[in-house]
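Here subunit A shows up in two complexes: once beside subunit B, once beside subunit C.
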Partner chain A sequence: MRLEKCWFCSSTVYPGHGIQFVRNDAKIFRFCRSKCHKNFKMKRNPRKVKWTKAYRRLHGKDMTQDSTFEFERKRNRPERYDRNVAEKTLMAIKKIDKIRVAREARHHKMRMKGKPAIERQAALTELEKSINLVKAPASLLQESQITPKIKVKIAESQPVERMEE
Partner chain B sequence: MSTLPVKQNSKPFLSPLHSAAALVPRLSSPLFVARTLKVLAASDHGYYVFESELADVIPVVKTSIAGTRIVGRLCAGNKNGLLLPHTTTDQELQHLRNSLPDHVVVQRIDERLSALGNCISCNDHVALTHPDLDRETEELIADVLGVEVFRQTIAGNIVVGSYCAFSNRGGLVHPHTSVEDLDELSTLLQVPLVAGTVNRGSEVIAAGMTVNDWTAFCGSDTTATELSVIESVFKLREAQPSSIVDEMRKSLIDTYV
Partner chain C sequence: MVQYNFKKTTVVPSGKDFIDIILSRTQRQTPTVVHKGYAISRLREFYMRKVKFTQQNFHEKLSAIIDDFPRLDDIHPFYGDLLRLLYDKDHYKLALGQVNTARNIIGKIAKDYVRLLKYGDSLYRCKSLKVAALGRMCTVIKGISTSLAYLEQVRQHMARLPSIDPNTRTLLICGYPNVGKSSFVNKITRADVDVQPYAFTTKSLFVGHTDYKYLRYQVIDTPGILDRPIEERNIIEMCSITALAHIKAAVLFFLDLSGSCGYSIEQQAALFHSIKRLFMNKPLVIVCNKIDLQPLEGLSEEDMKLVMDMKAEAIKSVIAQGGDSNDEGVLLTMSTMTDEGVIAVKNAACERLLNQRVEIKMKSKKINDVLNRFHVAIPKPRDTKERPPCIPPAILEARAKANVETEKRKLEKDLEEENGGAGVYSASLKKHYILDDEEWKEDIMPEILDGHNVYDFIDPDILQRLEELEREEGFRLETEADDDFEMDGKELTEEEQALLAEIRRKKKLLIQEHRIKKSTAESRPIVPRKFDKDNKYTTERMGRELSALGMNPTSAINRVRSRSISRRGRKRERSLGREGEAMDIDNDQSNKKLRAMSRSRSASRSRSKSRPPGEVTPGEGFKDSTQKQKAIKIAKKSVKVRNKNARKGEADRVIPNLKPKHLFSGKRSIGKTSRR
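Let's look at the complex of A and B:
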């Protein structure tokens, strides 16, 4: 039993799910559900379909290169079974998963980092453009016609002497 | 350790192999790996013939490949390594790795032509391959099996692994191989070759018999003439496994209890 990856969306295909298609050149395509299978039959390129992992990786939405991905590669030269190694591997799997999740979260955070600044800038431009939704254009015009107050400098007068009572 | 009696090589085999030969029209289940070290057998009725003959000489490993019992046609091996198709499951791969000694490299290959037993025919020094094999596969063969690789056809057939069987001492090829081809192959492989048949005139040699340096197993339909040809070309009459296996004893036994 082996948990394969869907060719289209890269999600895991568990036993009892999905369809495998074997092409005439002996290449095997595994699909997790009919959605992916139908998209494949429509000859859609997964790299252009927004919800697939291939798209997300290509457009930098998800982490592409990381050392944690190396652990999941398929190996063709097995090693002799050793119980200790197997035990340690099981513990390592859990830890590696945790680390990978943490790194993906960090990647997401870095990606979203400049968001408040961008939002503020967008709000300002929006305000300038669509001010007519807030204040009527006539009143805006009036405001611009009102002469601004003129400030005049006055020499400081002597303080008034108080009559002492 | 008892030596194998010579006469067993010249006896046609018993009915269990016949039924195996009937179900799967060729004797496609066994494979001698490492030429002298192990036998991989399909884990159903055919195997106990191998176990009864070979169990005290070399370990017999019961396995399936890609869930099938046609192990001999799917994998190719010699004393240095074993090549398996990409359809081999991880569990089977691990089982083989655990059962074989450490110096035998077990490798799974990503190759379009996945019946490696039909595409690759090899002994410990030379391999003949299907001419359409990938270059990376050819390099892997040279690397894992430690052999010199030749892309060849036999009697015009590209499926070399099934139309010839050779060991370190001799070889049997498709009956329609011309004399010039035979000479050419003989010089390539550096072993004496004979064009012959197996299983009452079947041209598919390697699917009807399995051979290593000191013994051979043929389908029960093989006639006495064919058997004598096989015996003479593979030099089985004088071969005694005792001498060869004594040398290999160290690699067969891990610890003395």
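Let's look at the complex of A and C:
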């Protein structure tokens, strides 16, 4: 009994689920559910379908290369049973999982790092552009006229005012 | 050797069915469409074809019946006699004769009518001729329907006759009723003949088969025969007589020594003597049955004498055939109840028959063709040396050992049986595993853990790699803790945030409104602003919105008010001074009405030089001007409300109801009614 990966979305296919399609050239396609199967039949490329793992990895949304992925590799040679090895493997799986999850979280954090700056910039530009929805240009003008009534003896400010008029 | 198989005769349909079959076939397999406009030759051909087709079919079917039924004179005399017996010969022949005549009559009818059809001059006449022809043919068949019914009965009975081959090796079993013939047949063959204590249990011939010296023998069980003159015999007895008469077989005459069949030995002996003519040239075996009830030795003297008489007769026939005069195979005893001597009887009879048949064959001319098959070639020995087969001693030892060994080893199967059998004990498949430690044999290894395949992770140096990984992780955590979030100084102030929120809210509202407008655009009329009944567009509202934007609305409001029609209209009215009514009602009317009135007045003034509205022009269809005015009023009234609401009407090229019921109701004969 093995857990397989869905060819389309790369999620695990548990036993008793999904459909397996064998093509005439003997290539086997496994699907976790009919959604993936139907998408496949429509000849959609998983690399272009946003919610699949293939897309996410390709576009850098998820972590691609990591040493934690190398622990899990299909070995075709059968090993003789050894109880100690089995024990160690089981414990190791848990730890590797933890580390992998932590790394993925870190990757996500790095990705999202620049977001506040971008948001702030977007807010500023919006404010500048769409101020006319809340304040009529006439009133803006009045305001700008009102404020420089504070007498500040700076020669440079005056040419600026004239441009606004 | 022809197998007489009467099962393959064609089914004879009853008169009515026959007619139905033929007529429906004609209907289906000839063209059916004809119009009176066709050329006359075509019409004639059409109907002639039908008549001929029907006649041909009748001919075929009737011929099939006549051919399939056996002619009593042409078949083997045994079957001929049997059929003659069972189905009254005269009746049988008559029935077949009637079928034959019917066939000829139908042929003649068809010929006559085809000749007439050649001169048919209209569709109707040809059609009536055809109808007449077919009708007459069908009447003929109706007339022979009783014969057809009888033939069908005969056919069904014939099919159930046992398939007896009159030419092969046969044992014929005869005797009084209840002597044990059927029990004997049941014993030596697989035939399941009824055995009951009453007489005439067996009412017809039964066939079983048995083997002797790799050859197959037919065993025919006959109904019991009573001692009567031949004229008084009934049909059942005649069956066995026929069999006796015509089939070349070994005859086994059964005697009941105990008399439990209800007839004494004298009576049985009497029967024997009366039918002994039929035993000529047939190997005869006299079988004394039921010796468990009455052994042969215990017979009384008279009975013994009778039996010996019979035996003497039998021996006579043996000598006549050229066999030796010993009495071994002639008189035999047996008991079907205890199975004593049954096989012996069978063997004796078969042997006698075989010998006789072989003798006959040897004397015939055909033997020379077959003689070359009888020679078995044996190589001549060239010297007197003995040459036995050679087996190496090693093989002999191994054979001896193998016999001993197979008993020693304990198999898994034995183990299973010890522990409770197949359903209870399940063998431990892990018993023979080769592992480092014996205790691990019964371990269950998990295959799946947390969505991973455990087998994919197994690696001898997994621990080492894990250690490295953890070290790496540790490093990374440390370096990350040093990373700080870089805060920009460019934060938005409170006011700016409030403004931004306001901007966003307004944008959202705009988008929502736009969406509603877009979705209802087709069904929403574009109402010009002057018909706005909700009074949405007022100066108060404008003033409110402008002040919200931060401007002073008073100048805008003043400008708008100075340009409004009501004010302008009032000024003009006062200056002109005409149509005093207008001035009187000026204060009562609303602004809207004033505006409407002012417009219509200007329009009507331009038209005042043309006709008055109520005047009737001749081609319109109105009686007088009052009627016309009323009509105009009604028309205007019906349109008023709709116009006020600025809704589309018929003149605006709108179909208010896409599927009016009067056009779409009703059922279709085929198809769906989702559209018309």
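Just so it is clear, the second predicted complex is superposed on the first by the 140 of 165 C-alpha atoms of A that agree within 3 Å, B and C clash if a C-alpha of one lies under 4 Å from a C-alpha of the other, contacts with A are read in each partner's own complex, and residues count from 1 in each chain.
The rule we apply is simple: contacts are C-beta pairs under 8 Å (C-beta built on N, C-alpha and C of every residue); 3 or more make two chains touch, one makes a residue touch a chain.
This is a predicted model, so every value here is computed, not measured.
In the superposed model, A:M42 lies in contact with neither subunit B nor subunit C. Which of subunit B and subunit C touches more residues of subunit A is settled by the count: it is C. In the superposition on chain A, contact is made by A:R2 with both subunit B and subunit C.
Within the superposed three-chain model, A:I146 lies out of touch with both subunit B and subunit C [touch as defined at top]. Once the two complexes are laid over each other on the shared chain, residue contacts for A:A26 go to subunit B alone; subunit C is not touched. Of the two partner chains placed by superposition, only subunit B is touched by A:N76; subunit C is not.
By the touch criterion defined above, A:I154 reaches neither subunit B nor subunit C. In the superposition on chain A, the residues of subunit A contacted by subunit B and by subunit C overlap at 1-2, 79-81. Residues 433-437, 440, 443, 445-460, 462-463, 465-466, 469-470, 472-473, 476, 480, 488, 490-492, 496, 499-500, 502-504, 506-507, 546, 549-551 of subunit C are the ones touching subunit A in the complex. By the touch criterion given at the top, residues 1-3, 12, 67-68, 71-75, 79-83, 85-86, 88-90, 92-97, 99, 102-103, 106, 116-117, 120, 123-124, 126-127, 130-131, 133-136, 138-140, 142-143 of subunit A touch subunit C in their complex. Subunit A contributes residues 1-2, 25-26, 76-81 to its touches with subunit B in the complex. Those residues of subunit B that touch subunit A in the complex are listed here as 89-91, 93-94, 96-98, 102, 105-110, 112-114.
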